[in-house]
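One structure, as structure tokens, below. Some questions next.
Labels for the chains are A, B, C and D, by order of writing; each one numbers its residues from 1.
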Amino acid sequence: MERILKEVLDTNRKYVNYGQVASYIPELKNAHRDDLGICIIDKDNNVYKVGDCETKFTIQSISKTIVLAMALMDNDWIDVFSKVGMEPSGDPFNSIMKLETNDTKKPCNPMINAGAIVTTSLIKGATPQEKEERMLKFFRRLAKNDNIGINYDVYESEKVSGDRNRAMAYLLKNDGFIDGDVEEVLDLYFKQCSLEIDAVDLARIGMNLASYGIDVENGERLISERVSRMVKTFMVTCGMYDASGEFAIKVGIPAKSGVGGGIMASVPNSMGIGVYGPSLDKKGNSVAGVKILEDLSKKLNLNIF
Amino acid sequence: MERILKEVLDTNRKYVNYGQVASYIPELKNAHRDDLGICIIDKDNNVYKVGDCETKFTIQSISKTIVLAMALMDNDWIDVFSKVGMEPSGDPFNSIMKLETNDTKKPCNPMINAGAIVTTSLIKGATPQEKEERMLKFFRRLAKNDNIGINYDVYESEKVSGDRNRAMAYLLKNDGFIDGDVEEVLDLYFKQCSLEIDAVDLARIGMNLASYGIDVENGERLISERVSRMVKTFMVTCGMYDASGEFAIKVGIPAKSGVGGGIMASVPNSMGIGVYGPSLDKKGNSVAGVKILEDLSKKLNLNIF
Amino acid sequence: MERILKEVLDTNRKYVNYGQVASYIPELKNAHRDDLGICIIDKDNNVYKVGDCETKFTIQSISKTIVLAMALMDNDWIDVFSKVGMEPSGDPFNSIMKLETNDTKKPCNPMINAGAIVTTSLIKGATPQEKEERMLKFFRRLAKNDNIGINYDVYESEKVSGDRNRAMAYLLKNDGFIDGDVEEVLDLYFKQCSLEIDAVDLARIGMNLASYGIDVENGERLISERVSRMVKTFMVTCGMYDASGEFAIKVGIPAKSGVGGGIMASVPNSMGIGVYGPSLDKKGNSVAGVKILEDLSKKLNLNIF
Amino acid sequence: MERILKEVLDTNRKYVNYGQVASYIPELKNAHRDDLGICIIDKDNNVYKVGDCETKFTIQSISKTIVLAMALMDNDWIDVFSKVGMEPSGDPFNSIMKLETNDTKKPCNPMINAGAIVTTSLIKGATPQEKEERMLKFFRRLAKNDNIGINYDVYESEKVSGDRNRAMAYLLKNDGFIDGDVEEVLDLYFKQCSLEIDAVDLARIGMNLASYGIDVENGERLISERVSRMVKTFMVTCGMYDASGEFAIKVGIPAKSGVGGGIMASVPNSMGIGVYGPSLDKKGNSVAGVKILEDLSKKLNLNIF
């Protein structure tokens, strides 16, 4: 397996030249465009690593999957889906238009920013601090890594430059899809995006989703089977921004990417894959990361369709 | 003239039954649906009044015309129109969609909320207080009425329920169309909407626009001819929400309406007309007010086309 | 007057370099980018000409004004406006989107292609031939020029390359806004666009609209006052494609342009102006033509607002 | 298995009351709203049937999957996907808007009408007759049923009432996404929609897709593994109209529905399922059919995520 990973990494290294690191906030610009790492954890708990698997980066949109799981565990599903839809949108992740043109005006799904702001608002907790702690604890538990924490430089930058998300949040508030204080919800949203993780963390979370929510090390149930399936389904239909359809066709694995350069893939009943490669294509997905997953899907026969 | 006004008022009184007073904030719900008043001031400074011309109401969107004039007087026109367009939008006044789908992303024109938030942000002043005072002074001068002031109950309500405007403002900020603090801009915007006026004030401001900016009483220039023409042009192309085209066809007079129930009309080189009738149609225009202006246009031959 | 025209022509000749002749069909590409002509006919029937006033070109979208007048004369207005709206659209002339997103699905106004296809379908006649003859006769009468005819090369080209208009027409048919055979309607539409006229013809038609429908030579009524006003109103709100608002602000005269290079302007109770200049800006308006009208408006004080 | 099918059928029969048969053409209105049938064919070629499995109905949109397979077999994939995208659209199946607002203007995917018109245009053949015969042969081969043929009443009706599809086709032609004669392409498109099949045919085709293109009876390869996976992927992301996302979440099986009342499901490496139930929900999916598949997914553990 490690040989295959090495080969796949080497073959696709050239693609880092076809993209750029994210630049909307200064902190993301500091990433090294050439970094590339793959980690696979399988259902027998074998861990395979190659390349830059210890490099830390912010989770960004990948957190949307975990926050969705949390919202589904904290709330009645009917309530959750009365505030966020289940349909792919066909629009960029930060599009506002559909919030106006949709019949229901609710965000199309929990993988676009507007939808994730809604699921964030559904995390339970008596105080903002408690919500933050619960969120942090849940991420650490799923990744089995207590060192996961917030990158405060990124968080501050996101907050300062987050007027587009702020606009969405106020519109969602206006239309009744989020309750409570908008800035408080956004604060938790920006924090969640700023969690610092590495490729191994992503592989671990991916494996825990792949095993239908059961920790493959100790058999503990972390999330329900139903929720684990729902999350993987959203990863397929909307996980790779407005390239999700193409990714499903070419790769055929549930996956979620973030502009920090990470992709978390989860092959049902088989393995979790974490990829790190901060050179992004125009849609915000890791250029080399997508190519790597395409190759892995072929070589390891992972396509679920 | 007063006979004609009386007749027109009586004929169209029935239309108050076809609409509803605005209800998005409690204060507007308190208006009396049956109230109806017309005031005409002509270029010889004759003042004709019939019906409820002393009833106070909030100016709402009609203020957009005055704030536009002020923005054009306070700034280089190139700068103003780099931040707000000149085209009718064909969309409702509070639409956000065009801010995303437009090539430029800038608000289509200064008569929709997004555009008026931009013009508000262009009012000069060292402090928020100074901006507010300058604005207030300009309204009072144009209406020749020093008693014009803010209805603080309406202002507070607008502010509390203004999340849709807030969403627009943050999007405008994000896209570089407003500078400075968003909440500060919104505060002035909500104050401007909450100015309390009556039909006579509207007729007076309308006359001052009709006379190309010259006070018909004392010959003083209040605004430049060019600005007075620009304002009247926007009134024709976008003054009556997304019924502006229909109003231009049926009435053919520059006019601007507000959800407080007022309509300010300005017949170039002829007269200003203020109408009050808080029973609104679905697009936000005074039902009876529109009918009254249609009749006046025919009877007094006011159509400019 | 002729001196002013000459001066305005010379001053603005340079602008022909800032545009391009239309190129979507080969026949339009043959126009000379440098051609420029102005004709004014005033209400005393004085005719002033300067530059290329004898050059023939196709009327293109300017015909939409005349066909609208004809539809309004041939039908009950309620019927006409149940099939085409009165609102500016804020979208390009050949946009399809609003036909889907509008509540009513009907074309926004008769100056965009979709709306003009509707008004064309409303021209009365027992056979396609009769409709064509009636249309031709009406154009000739308004221009007082029996030589006006169809440029069959342009017509054939429009027909062959007209799939976008064809798409609109079938959508309009599907949604009940046009009756009868789609290809028949399109045929008349393409013919009307292919009428060959010159700047003098446009000035004459413009004068006949300016005089509220009365032939200034012989006092004959050609169209009703009401219809003449409606046409001029649509010229202001939607006559210059999606630059209509800007043109109204800067020039302030009812005008309609065509991609053949013509602009027909109509100053109420004053004059008709025909301009020819086939070098177009990106929105489809004659670059120099717009500048010429802006100068004429200032020099002759023609702004109606 | 047959007991389970019977039980599932009985439990969900009540849902027929929550929908309506399609009514846009008279022929579809003749379906019996109460009809309901399920057929499963598994990879050991066992055939299980319950309810109305012999009732014939038109395949409608389900044909889009087969025509896509054919287009992919007849053409270079790069060519195919230069003319039709891979992304779910989030819009209704007959939406035109995205053809205008998309950057590329190409149809989002081959499961919406516009996309299927494109794939239809890509079927090879020297003449329209040859294309039709090849298409027919391919459907018959995949369903292993030589009796499949066109319902000419439905075909004629589709053709007569097909102006919306006609509008799309002309727009696609205009934008270069279909070559050749538009009416010819539409003719084949309408024929393909009018193929008459039953639930057993759908189960058989579903099984042949589930087995990655290999006939489970005789081991013959009908379509390539890659194409079979691509088709199933599109079924997940866009197979159930604008309820595809919800169906994926709730059922988790590749499936394609048609307004004739059929749903074809294909569980990779496991089984094909054909359901017939012409009572449709607002989005065009069989009401009871969807519920049946949801129950089967749970009872037989078919969710692929």
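The rule we apply is simple: contacts are C-beta pairs under 8 Å (C-beta built on N, C-alpha and C of every residue); 3 or more make two chains touch, one makes a residue touch a chain.
By chain, UniProt protein names: A, B, C, D = Glutaminase.
Everything quoted here is computed from the prediction, not taken from an experiment.
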| item | value |
| --- | --- |
| Any chain that touches chain D (Glutaminase) and chain A (Glutaminase) | none |
| Farthest chain (mean CA position) relative to chain D (Glutaminase) | B |
| Centre distance in Å when chain B (Glutaminase) and chain D (Glutaminase) are each reduced to the mean of their C-alpha atoms | 54 |
| Euclidean distance of C-alpha centroids - chain B (Glutaminase) vs chain C (Glutaminase), Å | 32 |
| Inter-chain centre distance, chain C (Glutaminase) versus chain D (Glutaminase) - centres from mean C-alpha coordinates, in Å | 47 |
| Sequence positions of chain C (Glutaminase) contacting 2 or more other chains | 101 |
| Inter-chain touch pairs (all) | A-B, A-D, B-C, C-D |
| Of all residues in chain C (Glutaminase), those that touch chain D (Glutaminase) in their complex | 95-97, 99-101, 163-164, 166-171, 173-174, 182 |
| In the complex with chain D (Glutaminase), residue positions of chain A (Glutaminase) that touch it | 85-91, 98, 108-109, 229-230, 232-234, 236-238, 242-246, 248-249, 252, 254, 268, 303-305 |
